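My structure is below; once you've seen it, I'll send some questions.
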Amino acid sequence: MCGIFGVYNNSESAKLTYLGLYALQHRGQESAGIISSNGKKFFSKLGMGQVSEIFNKDDLNYLRGSNSIGHVRYSTAGSTSLLNAQPLSIKFVGGNLAIAHNGNLCNAKKLRDKLEKEGSIFQTSSDSEVILHLLAKSKKKNIEEKIADALTKVEGAYSLLFILDKKIIAARDPYGFRPLCIGKLKKSYVVSSETCAFDIISAEYIRDIEPGEIVSFHNGKMRSIKFSQNKKRAYCIFEYIYFARPDSKVYGKSVYSIRKNLGKQLAKESDVGADCVISVPDSANVAAVGYAEQSKIPFQIGFIRNHYIGRTFIEPKQEIRDFGAKIKYNPVTETLKGKKIVVIDDSIVRGTTSRKLIRMLKHAGVKEIHHRISSPPIKCPCFYGIDTPRKSELIAANKSVEEIRKYIGVNTLHYLSIDGLVKATGMKKEDFCLACFNNCYPEKSPRKASNGKSC
Amino acid sequence: MCGIFGVYNNSESAKLTYLGLYALQHRGQESAGIISSNGKKFFSKLGMGQVSEIFNKDDLNYLRGSNSIGHVRYSTAGSTSLLNAQPLSIKFVGGNLAIAHNGNLCNAKKLRDKLEKEGSIFQTSSDSEVILHLLAKSKKKNIEEKIADALTKVEGAYSLLFILDKKIIAARDPYGFRPLCIGKLKKSYVVSSETCAFDIISAEYIRDIEPGEIVSFHNGKMRSIKFSQNKKRAYCIFEYIYFARPDSKVYGKSVYSIRKNLGKQLAKESDVGADCVISVPDSANVAAVGYAEQSKIPFQIGFIRNHYIGRTFIEPKQEIRDFGAKIKYNPVTETLKGKKIVVIDDSIVRGTTSRKLIRMLKHAGVKEIHHRISSPPIKCPCFYGIDTPRKSELIAANKSVEEIRKYIGVNTLHYLSIDGLVKATGMKKEDFCLACFNNCYPEKSPRKASNGKSC
Amino acid sequence: MCGIFGVYNNSESAKLTYLGLYALQHRGQESAGIISSNGKKFFSKLGMGQVSEIFNKDDLNYLRGSNSIGHVRYSTAGSTSLLNAQPLSIKFVGGNLAIAHNGNLCNAKKLRDKLEKEGSIFQTSSDSEVILHLLAKSKKKNIEEKIADALTKVEGAYSLLFILDKKIIAARDPYGFRPLCIGKLKKSYVVSSETCAFDIISAEYIRDIEPGEIVSFHNGKMRSIKFSQNKKRAYCIFEYIYFARPDSKVYGKSVYSIRKNLGKQLAKESDVGADCVISVPDSANVAAVGYAEQSKIPFQIGFIRNHYIGRTFIEPKQEIRDFGAKIKYNPVTETLKGKKIVVIDDSIVRGTTSRKLIRMLKHAGVKEIHHRISSPPIKCPCFYGIDTPRKSELIAANKSVEEIRKYIGVNTLHYLSIDGLVKATGMKKEDFCLACFNNCYPEKSPRKASNGKSC
Amino acid sequence: MCGIFGVYNNSESAKLTYLGLYALQHRGQESAGIISSNGKKFFSKLGMGQVSEIFNKDDLNYLRGSNSIGHVRYSTAGSTSLLNAQPLSIKFVGGNLAIAHNGNLCNAKKLRDKLEKEGSIFQTSSDSEVILHLLAKSKKKNIEEKIADALTKVEGAYSLLFILDKKIIAARDPYGFRPLCIGKLKKSYVVSSETCAFDIISAEYIRDIEPGEIVSFHNGKMRSIKFSQNKKRAYCIFEYIYFARPDSKVYGKSVYSIRKNLGKQLAKESDVGADCVISVPDSANVAAVGYAEQSKIPFQIGFIRNHYIGRTFIEPKQEIRDFGAKIKYNPVTETLKGKKIVVIDDSIVRGTTSRKLIRMLKHAGVKEIHHRISSPPIKCPCFYGIDTPRKSELIAANKSVEEIRKYIGVNTLHYLSIDGLVKATGMKKEDFCLACFNNCYPEKSPRKASNGKSC
């Protein structure tokens, strides 16, 4: 997962982009970058780590010009290198160009092999570079057409920001896998993965970039181009479950409301008498509040989360039980001892962390643990930009709910149903990508790899 | 405020101290340090910033020896320099010695002037260095007696850890202003400001260091010496209100339980019908949960707190309304729009942040705001180690509650009563220092400076 | 100017490359980089500054594999950025590939424009990237042929090292502008800009790479391919005058011997009675020793050079006379006061530093100054990789020798004649590029830009 | 060895001190520091490494005030830590105070033990801190008298600079072991270990601080106090042989002239027919020029020295012959092959480096090597601040000249005689400390330790 943010036509574009990225930091903490343009030249700063560590005052003053785009990147296993940081900048026949990409292309490998055979050279292993090559090779005349031309060749998920010497261009894939929205700040336009980044700079939310739409900001104006007539939507429902910040609007709806509904729906589907409801903070907090409200069981704070965590943590040789989980969470023994509790989490991926957390709760003296998950079992990998592990590591792809319950060690375990999930959003089932739950991939291409069904 | 942590008799003493300091990080993020001893030599690493940034693997391997003490320091205005980082290390007639200090001495200036007149030289402006001079000048024979001798001369608040070539010594002032507790990990002893640091390393809480007690760890054993017969206690009640982590035991009692009681008591004292209760996260979360439980008004998440904040934040010239507060908090418009809400905070110091937060809530469309504070008005400065501003900057020292209400801009404002506060703790009023609320300072010395009453 | 170094087939290839680059440090101090290959994967470390600052032990251990190439880069005005550091690494149809380049292509702009029009994208503004594009686009089958194919399209100066997954390939342009030589270390091959880098690792000099030759190291063997039948040579004579280290062999001959001959020849051409001969250290030391030997005037040390200089120097506002020169040189007043002296320098570019040095000598009390330059006047820019300023800034392009003498402020000024220069080398005039002295450029392409003669 | 530099009464005192330290960098590269005073407050920056690395523009702007002192420190084995960096700063009854010290106290251990027994605490293991304690404990009224009082208690070598809130004070021990001189720059005074630091800032040399003199700079004036009537001088003669820069005046005389005389005297004492004279650069260059002049044998450059060396150098596992020496020096084979040569070095300490250098010369094909040392054999350790190894490691303390000749592997070996050395200086033998050559220590105290004679 990644977050992207851009500012068009503002004398402090880089500083606003910096604040926007800071608000999108939950979408990626591995690396961040900003590229600005003063109409003639690009200014660039990329670094490893968090936004507040990477950019200092000198950097932000150096990033001159009234247009900027930025990117925060999620840590995907193994490839933690500055080379993968974005925006990715090149020079081509049209001058300077940089791209910031949230999502994942499904036919990147195929396209890349073809390009290499034709003599193209690549500086990164990123799929985003493929888009740049296609665009540079396009015979179309203007840049918006070149982009449209390139995007018709790629498959998969992409919410994109391009910066050129004098333009900012945003684009979203025909299915709308990832969110992307437009805001306004006086005479400036801003584009962001989520609306929470508008709030920090007091910008106003205008609308979403439509699936299959290119929006070009140039000469002070915003211009829309439809490059796909695809009517099928495939919004990633995990934005509502986990990714997006609760104070954001995503796909035009409040994340907080929907996430609370998930908790309520979960209570309806799997209520159980208990002394209190606790959440695995912070991602399950809103669902837990919803669960508590619906079930009338009091909400309590069961874990204290340590936010002072750094990028690496040094473990003593001396064996510390459940070390990894302890670095982040500590149970509040007082709330828990001798109690029958409901523990809300947003999802279970491998199951290892859940198991450690449950063990910590038991060690704190909890009598009965009823585990409730505000999403259905994750059974299939995501090919659209979420860093899920391989199928073999997904616990729900390999174990039944009862087996998972035993593995984690709880008294009862309930997942939210797929229908309950959709119902909680108030939207239509066919507008979502639910492939990680039901193996129905919206496009043809990734299916083969995963033996997914055609849906 | 600071946090201290020590490990005696463990082959990985520095690594455990590092984890302990990490768990105490909320007590100070300005600087941190660890000094270890291998019986002959000291190893030291101090740095600015957070524990996870300062210490890397090489540092922790360098910090050899089975005894270590560490310190995290709170940022007090102006003096952000490595010189003030602790532990503070010296050489004296007894060999190597270092000190880690939580608290503040009230007669440090007077003692220092006297020492300087006698020819002493100082390397820091820290009051902790005075203790080292007194101790080095003591004619007593062994180090424990030297420490006792020195401590009878100083006034004020101190929870201390000393490390010598082969010993760790802990001490707590006769009033017990600041917490300090002992834990056990197999054959090792650990000492910590709070018990949450025991949990992370799976150590077991044994007991508090008593006010007026010196505890010496040497030859594998723990030995207690009483250096004061003072019976009066003056526990800082702010540990329960704000400082300590909810998952800690402080003065032998669960912080979570008491903090929830504060919220309940607040609801009893100042209930008001409302659509929901929200907290200023994270410090007021537990009190808000208590308030909600007592008042039966549903608890909601009203603000999303951004934890990715760095040490400095670069503000654009472009005016962003309530910038300082926005960097940290964003209101969840959905929860709030058109609602009548209760907002819980733990305290109001200057009132400026509260005012910004309330303005953000109004901008989000809240209809009615009832502000509830889980502590009494702070009217007097602290001389015992809490970094409160001067009296002239304390809003409650200069305005009535009604004036504060108008300044902040809320419909109603209620503070918890002093008696309600004490009641919520289940302890005796005379065992607490309540000077910041009632101007009754437990010792004679600091009174003159503040025109405090003799209580 | 740059330096390149490569090691083939050695278990410590990166460490040896590090030492080689250290020995070639005089050829570039702006940035340095090493890329190694373990047969499957590339390992890379590039940084700004000097070799000894950039690489630490961890870096050298990280740079695994038995093949490595490295590069040191000279600071050219303005473009001091890590983006320009080499080796430059890409992925193409043949796998991983990186290039290290010493020299400058004359038709890079034209080739690049053409490539961009065809849809190529560029990551740097470096001319070396053009070679990579041409090579990737070549329809030839194997990599050596692809390289040959690409090199027939480029004009100008290039001594090159390529690394592939399992190969190292070296190449030199058909004129042989820049040096490049092969050494042997047991079963390993090494390639270096100068032989002084062989000495530090105890490798043995074998021979030069021939102009127009590609040498491929693969399967433990070295294989030569001639890609040009050009017979004309255009060795850069400035390697003998200034660039190369005196302890190196360049174009098969000892730099020390030739540089000393320059001094001797200079004495023959322009002898003058004097008390002593001094040099501008360290570049003119050898010529000065030659001059002294020939003229029988005693050699003295006239300037002490400060080698502790860093990358930037902070100048006080308070005006310090000749600050820039003083940071580097201080005259030894004792050697100079009241004397008639000969001052040897290797060249005069802008004349500003010379003027400052002469002013320092006068201030030290020198009676008469006879300035002797061990090269002819530099009248034309270099298009082959030496960072000379534009013609308008070259003092000898704009002033007569007599005018320069007056500007610098010396009693007499003599430059070495072109014929004397060539004579001192013992080689044929037609084998050198002397364009910076006589405006005769060996190739057609760069002439237009400079109004150079066809020679 | 160390270097000290101070500026009194200049609005850019820190920047000038920075330049002064840069010019004194040859006296110490381990650490450097500057402390400035604006009349009320001290500003301080200390760091590991070289001056140009430690101080950036922000640092120099931060170092406010018109008075500054600075220090560069030589790396002595093992204790490379920032704790030992100077100036060393304290607070005492007189306010702020810092000291910069060149030299070594002989009775520091004894004084320190006494002070610790009386209850003093120390922050460093440095002997300089003892002076601060003595001074702070002095009952004298003003600071100059306190300093005089303290200095009468210490024995050994010290050239000192003190900074107070509004004063700079310089002092030199009664024997004058280490140099210290006064310069003037318009209305400002400067104090430096060597005059070369005056040249860089265009200051004028006034006079040396006398042995046993305190010079106080206050209220715009310079005031002299004699604190010792000792008439015996003990100037360190090694300043002329090795330490000082040739362009400095030391003890009022040109280092260049005397060092050249050493070479001439050496030629007189031990001439031998040869093809050329070479030096071990750069320290023996001047003596070699003198030797060549006297002997009429031509001076040649035999070794190229690499100045790009960093603080640590990573050695490959692969055995490289004479690695340590090769990092620094490479022989110019051309000058040397088949020749009979004289090699000048300034001294032989352990003999290991000499042996490696000679081996490199032989490997380069030298026929005959005649080694000439421009100082007598070093037989005894220095107690006055030069970092000589223990007696057991001094080759001349344990081997005869003939044995050393064989160990190093040269055809002949001659050291300069003690009388020749003194003669070359033109000064009186009794004014020098020659203890490292003749075991005659000027003071009583250090003798016992070394079994030195009373002279």
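Read from first to last, the chains carry the letters A, B, C and D; within each, the first residue is number 1.
We adopt the following convention: a contact is a pair of C-beta atoms (placed from the backbone, for glycine too) under 8 Å apart; a residue touches a chain by one contact, two chains touch by 3 or more.
Quantities reported herein were computed from a predicted structural model and do not represent experimental measurements.
Among the other chains, B has the CA centre that is most remote from the centre of subunit C. Centroids of subunit B and subunit C (each the mean of its C-alpha atoms) stand 62 Å apart.
Centres computed as Cα averages put subunit A at a distance of 36 Å from subunit B. Subunit D has its Cα centroid 50 Å from the Cα centroid of subunit B. Under the contact definition stated at the top, not a single residue of subunit B touches 2 or more other chains.
In terms of inter-chain touching, the protein chains here make up one closed cycle, each touching precisely two others.
Chains that are in contact with each other form these pairs: A-B, A-C, B-D, C-D.
By the touch rule above, subunit D contacts subunit B in their complex via residues 89-93, 97, 116-123, 125, 132-133, 136-138.
For subunit D in complex with subunit C, the touching residues are 10-12, 15-16, 18-19, 22-23, 25-26, 29, 50-53, 55-57, 60, 196, 199-202, 245-247, 254, 256-257, 285-286, 289, 292-293, 298-301, 304, 306-318, 320-321, 326-327, 330-335.
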